[in-house]
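Two complexes are shown next, each including chain A; its partner changes from chain B in the first to chain C in the second.
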Partner chain A sequence: MAGLSVENVTKRFGETEVLKGVSLVIADGEFVSLVGPSGCGKSTLLRIIAGLEEQSSGDIQIGGQSVAGQRAADRNLSMVFQSYALYPHLSVGENISVPLKMRRMNGLQQLPLVGGFMPGARNVASDIGSVVNQAAGMLEIGHLLDRKPGQLSGGQRQRVALGRALVRDPAAFLLDEPLSNLDAKLRVQTRAEIAQLHRRLDATFIYVTHDQVEAMTMSDRIAVMMGGRILQCAAPEIAYEDPDRIEVAEFIGSPKINILPLEISSEGRLSFHDQPLDLAIAGGSRGVASLGLRPETLWLSGGEAPIRGRVAHSENLGSEMFVQVDVPGLEERVTLRAMPELRASLTLGTPVALDFDTDKALVFDADGARMRKVRRLSAAASEVA
Partner chain B sequence: MTRDWWKHLLLILGVIIVLVPFYMMVSYSFKSPGEIDRGEGGFFGRQELMVDERCVKLRDPSRNDIAAAVPQFPGLSDSAIRDALVDEAMAECSMRPVVFNYTKAFTEAPLLRYLMNGVIVTASIFLIQVVVALPAAYALAKLKFWGRDAVFALVLFCLLIPVHAIALPLYIMLAKLGLTNTYAALVVPWTISVFGIFLMRQFFMTVPDDLIDAARMDGMGEFTIVWRVMLPTAIPALLAFAIFSVVAHWNDYFWPRMVVTGNRDLFTPPLGLREFKGDGDGSFFGPMMATATVIVTPLIVAFLLAQKRFIEGITLNGMK
Partner chain C sequence: MTVIEPSIAGTAAGSSRRRATRERRDAWILTVPALSLMVAILLAPVIIAGLLSFTNYSLGNGGFDWVGTRNYEELFTRSTYEKMFVATLTYVVTVVPISVGLGLGVALLINSLGRFREIYKTIYFLPVMATLLAMAIAWEFMLHPSIGMINRMLEMGCGTFLENVWPFMAHGCAERFPVWLGDKRYAIWVVCFIGIWQGFGFNMVLYLAGLTSVHRELYHAAEMDGAKSAWERFRLVTWPALGPTTVFVVTITCIRAFQVFDTIEAFWPQGGGPNKSTYVMMFAIFEKGVQQNLIGIGSAITMLFLLFVVVLTLIQRWLVEQKVHY
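Let's turn to the complex of A and B:
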């Protein structure tokens, strides 16, 4: 077990710069997810950490030691691949034992057929056998050890791949979208199991995914990557509630956050579609900005409210209901979370007025950076009073 | 009649064209010289007892033989004894044509020795070809290095060079090294098979990169990956290549004829056929065809055994 740090790593493939200076420090035993849309460079970063790809510049340290120039085999990392990458000609048990055989047996003992007769081979083999059985037991695949990967279901192959990664005691586990080939139900189940495995092993996990739900549910911290950069690396709840950038706010959370255009008056007062809001920016100057509102921060208002439109679509999930509201002048619909009891009053075409929790409103400047110096005017007024 | 009948007709015609020479070969190996000359006797021939003229000639009684045989034939003249001895020899030298042909095949020339030479040469060629082709194909398919595409283009280019074009320079090189009339002369020129490299490279392209990365993470070096991951997954393709390689070199007449000139101990099976080349009397087609039958039988048996894997290999469906 060891911590891991990535220092200002860049990677170019010819002319294209895939990673533009990525830095990340991962503590020993931490579960960090690299999450982002496809093509953001997250898999490349993982492969660079693994040693399967070489960075163009920058440094990787594992346990405080630079691993520059070290082969993947010498970095003591385990990796689980999206395609599982099991050896098709070996049984499940042999697949799991490969990393141990490669490390614990010498060249003669690894020979096929005669290897078993080399001095010491029998002891090593029985040690390896017991470790394999233990790992198989932990993953509940003990009954599959004699099968070939071709005879297994997707979920079982996934477990074998996990087993192969955890038989030895690596400095860190690297997982590259390990759940994306599973069906939805199995994905939810395996998600929980991987999180449990992490708690049980207390090991460092680096998990690459494009699915923000996986990242949110499993990780200690998530690193949101876009365009070859880490935009924010924080605990899931912070990335959700307190994003640094509009891209992070838009990527994290399902359904997506609502983004409304704002104007800033010369005094810093914010207004939406010429309606002044109860919000102002300290030291703001005239310009435009964006307002990010999570669906759960919006509510139906009886009287005057800044956002008005008509119900265009609704999705009832049973425990909650998401209502999409067509607001004149906005390209995208505004999504609101409502109680399913209200569905009778929210039929298609019903005019609605939406108010929101000003404390939870997220304001971003024209470049997408978060503006944190936002205050409520009414609170300030009451303070003055 | 289905709409595809003409396809089958065409295929049947093709099969006939391929099989007729085999039919003739096997049929001739059963028949007596007379039947072969006159083109009669159906497939098996009549299998009437025939007399091996050479055998009789070899046993032609000499004056000493006749003198020695006098006690056996009391009261007969020398010429009568001679006739009796010739009759005896004729009786001992008569046999069924099939027995005659196949015995001749094995006794006239050391056919077993030739077959063994064939096995030694084809097996060595194939093994060394694999040892060279697998790492080369792996590098061309899966490793990134400067000039890879140029190297692969060279491989493709080499596929276009006919053996006969470079035979003479090769022969001269071997001769200067003093290697003519050795096993090395039969084996060495074939050890680098560009076809093998090309075929295995195409197969390796279908092996997922993740599998190789997984092997690297598991602690394998590049050569270990070639032998412990790529080789086992490539068995079907290797079998296909084995058939091409073994058939080509087992049946090769041209090259052994060039480099093995004096030493009959190094003859490969096709050179064995030369033993029955008509020496004036031209009556050795039976044994010659029997030899040919013996030579092709191992290949046909091997193909039938490996047929399923062979077709898998040809279609190159890799890991899917």
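Let's turn to the complex of A and C:
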């Protein structure tokens, strides 16, 4: 087990620059998710770390040692592929034992039929057998060892792929969207199991996914990637509550964060649709900005409120309810989280006024960078961290 | 009621039985055209050949006599037929492994190429497209003992170091180079060589098709699992994935090898090469059954030929179902 660092890695495919200088330091035993939309370069970064792809520039270090020029087989990393990539002709047990056979047996001992008669082969084979059984036991696939991958369900194959990855003691585990081929229910279950496995093994995990829920629920830190860059790498709650950029705020969180246009007056006072808000920017100058409001920071206000509109759609999930409000002058609807008890008063077309928690308001400048020097006007000056 | 019930039940059972009978009859009527065609075109000739193999029938004769298993006894006792088996098996055992191996090797090499793939594919496939009869004539010229290209080229090696390291060269330079098509030591090997030259391109194309179905991610998985050499990756991923292709290629090549005929007919139309060293089964069938009008013995060889092909096909089916189907 070891930490891992990525230093200023770039990758070009011909003219297209897929990675534009990515740096990331992952501590020993940490679970880091690379999350981002399709084509953001997350899988490419993982493959570069694995050694399956070569970076155009930059360096990768595993356990403090540069692995530049070292091929994948020598990097001591394990990988779980999206398609699982199990060897179809080998049984589950044989699949799991492949990484051990490749590393512990010499060419003669690996030969079919005669390999078993080579000197030392039996001892190695029985050692490998016991390690395979242990891994299979951990993943509860002991009863499947004699089956071929073709006879297994998606979830079982996924476990076998995990088994093959964890059977030797790698420096880190790389997982490339391992849950994307599973159905929704199994995905939730396997998510918890992978997180549990990480706690049990206490190993370094790098997990690539486009599903922010997976990233949020499993990781110690998530690295949000977009357009070949890491926009923010932070603990899930920080990425959610305190995003550095508007893209991060928009990507993390479901339902999506509400983004409202703001004007900044010459004194730094913020207003929405000509209605002054209880917020000001220290040292701000005249211009435009964006206000990010999570659905749970909005509430229904009885009296005066800055955001007014009509209920356009509502989704009752049982434990909570998301109400979409059509606000005149806004292209996108504003989503609000409400208690299901209120559904009678929130029928379609009902006019509503929405107020929000100014402490939790996220203000972004015209370029999408977070403006942190926001203070409330009514209360004593307080910075929203 | 108790009186009526059984009679109703009886009528119902009777009508359903009648319907079943009618359905069965209709089914037979509908399949008769296909069945009769199959019997007339596929099964009848085989059965007739099988029957004729127990007779001394000749085309044009009014009648024939049953000779029992005499034709088969001849096949297994006469030295001509012993030569036939030796020539056929030599050809099959040489051509099949080499042309399958070459086909696989060339397919792997072409598959690893970035550019010029299509050019190489075309070049290797050319002999497959060419008519073997025409090619055999070209080869006949090349193999001519005095004016042929092969021996001329070998003569160019005389006086060089080759003479010292290669006894064949030393012998050839001192006396003469082989009469390729007239020497019983070389004739069958020349035929084998031409068979391989002509056939491996076809296997290459089949293997190239098989290679496209190998999952790319498996190679990455193999690399992560520690398969460093090309050989390890081949053994772990490529070869198993090509299992079904290999079974098919081997079977097809075997059957084609048993069927070799046109090279021999072009080189030695008078019969079977020097000392019958290239007297293969297909040529024997042609010679006995067509040239000499000995339908009985010709049919017996045909039945034997059919037996070989059926056994090969059964082995292929068994392998496909048991071993290479994942």
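Throughout what follows, the second predicted complex is superposed on the first by the 379 of 385 C-alpha atoms of A that agree within 3 Å, B and C clash if a C-alpha of one lies under 4 Å from a C-alpha of the other, contacts with A are read in each partner's own complex, and residues count from 1 in each chain.
Note that in this section a residue touches a chain if its C-beta (ideal position, glycine included) is under 8 Å from a C-beta of that chain, and two chains touch if they have at least 3 such contacts.
Because the structure is predicted, anything quoted here is derived from the model rather than measured.
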(request) After aligning the two structures on chain A, examine chain B and chain C and state clash or fit. (result) clash
(request) Would you sort A:81 into first (chain B), second (chain C), both or neither based on which partner it touches? (result) both
(message) On the A-aligned overlay, A:117 touches which partner chain: chain B = first, chain C = second, or both, or neither?
(response) neither
(request) Scan A:148 for contacts with chain B and chain C and give back first, second, both or neither. (result) second
(message) Applying the document's definition of touch, where does A:13 land relative to chain B and chain C: first, second, both, or neither?
(response) neither
(request) In the overlay, answer first, second, both or neither for which of chain B and chain C A:50 touches. (result) both
(request) Could you tell me which stretches of chain A are touched by chain B in one complex and by chain C in the other? (result) 47, 50-52, 71-73, 77-79, 81-83, 85-90, 98-99, 102-103, 164
(message) Help me check something: in the complex, which residues belonging to chain A touch chain C?
(response) 47, 50-52, 71-74, 77-79, 81-83, 85-90, 98-99, 102-103, 110, 148-150, 164
(message) Looking at the complex, which residues from chain B come into contact with chain A?
(response) 208, 210-211, 213-221, 224, 229, 232-233, 235, 319
(request) Mind listing the chain A positions that touch chain B in their complex? (result) 47, 50-52, 71-73, 77-79, 81-90, 98-99, 102-103, 164
(message) Please output the residues of chain C touching chain A within their complex, sorted ascending.
(response) 215, 217-218, 220-228, 232, 235-237, 240-241, 243, 324, 326
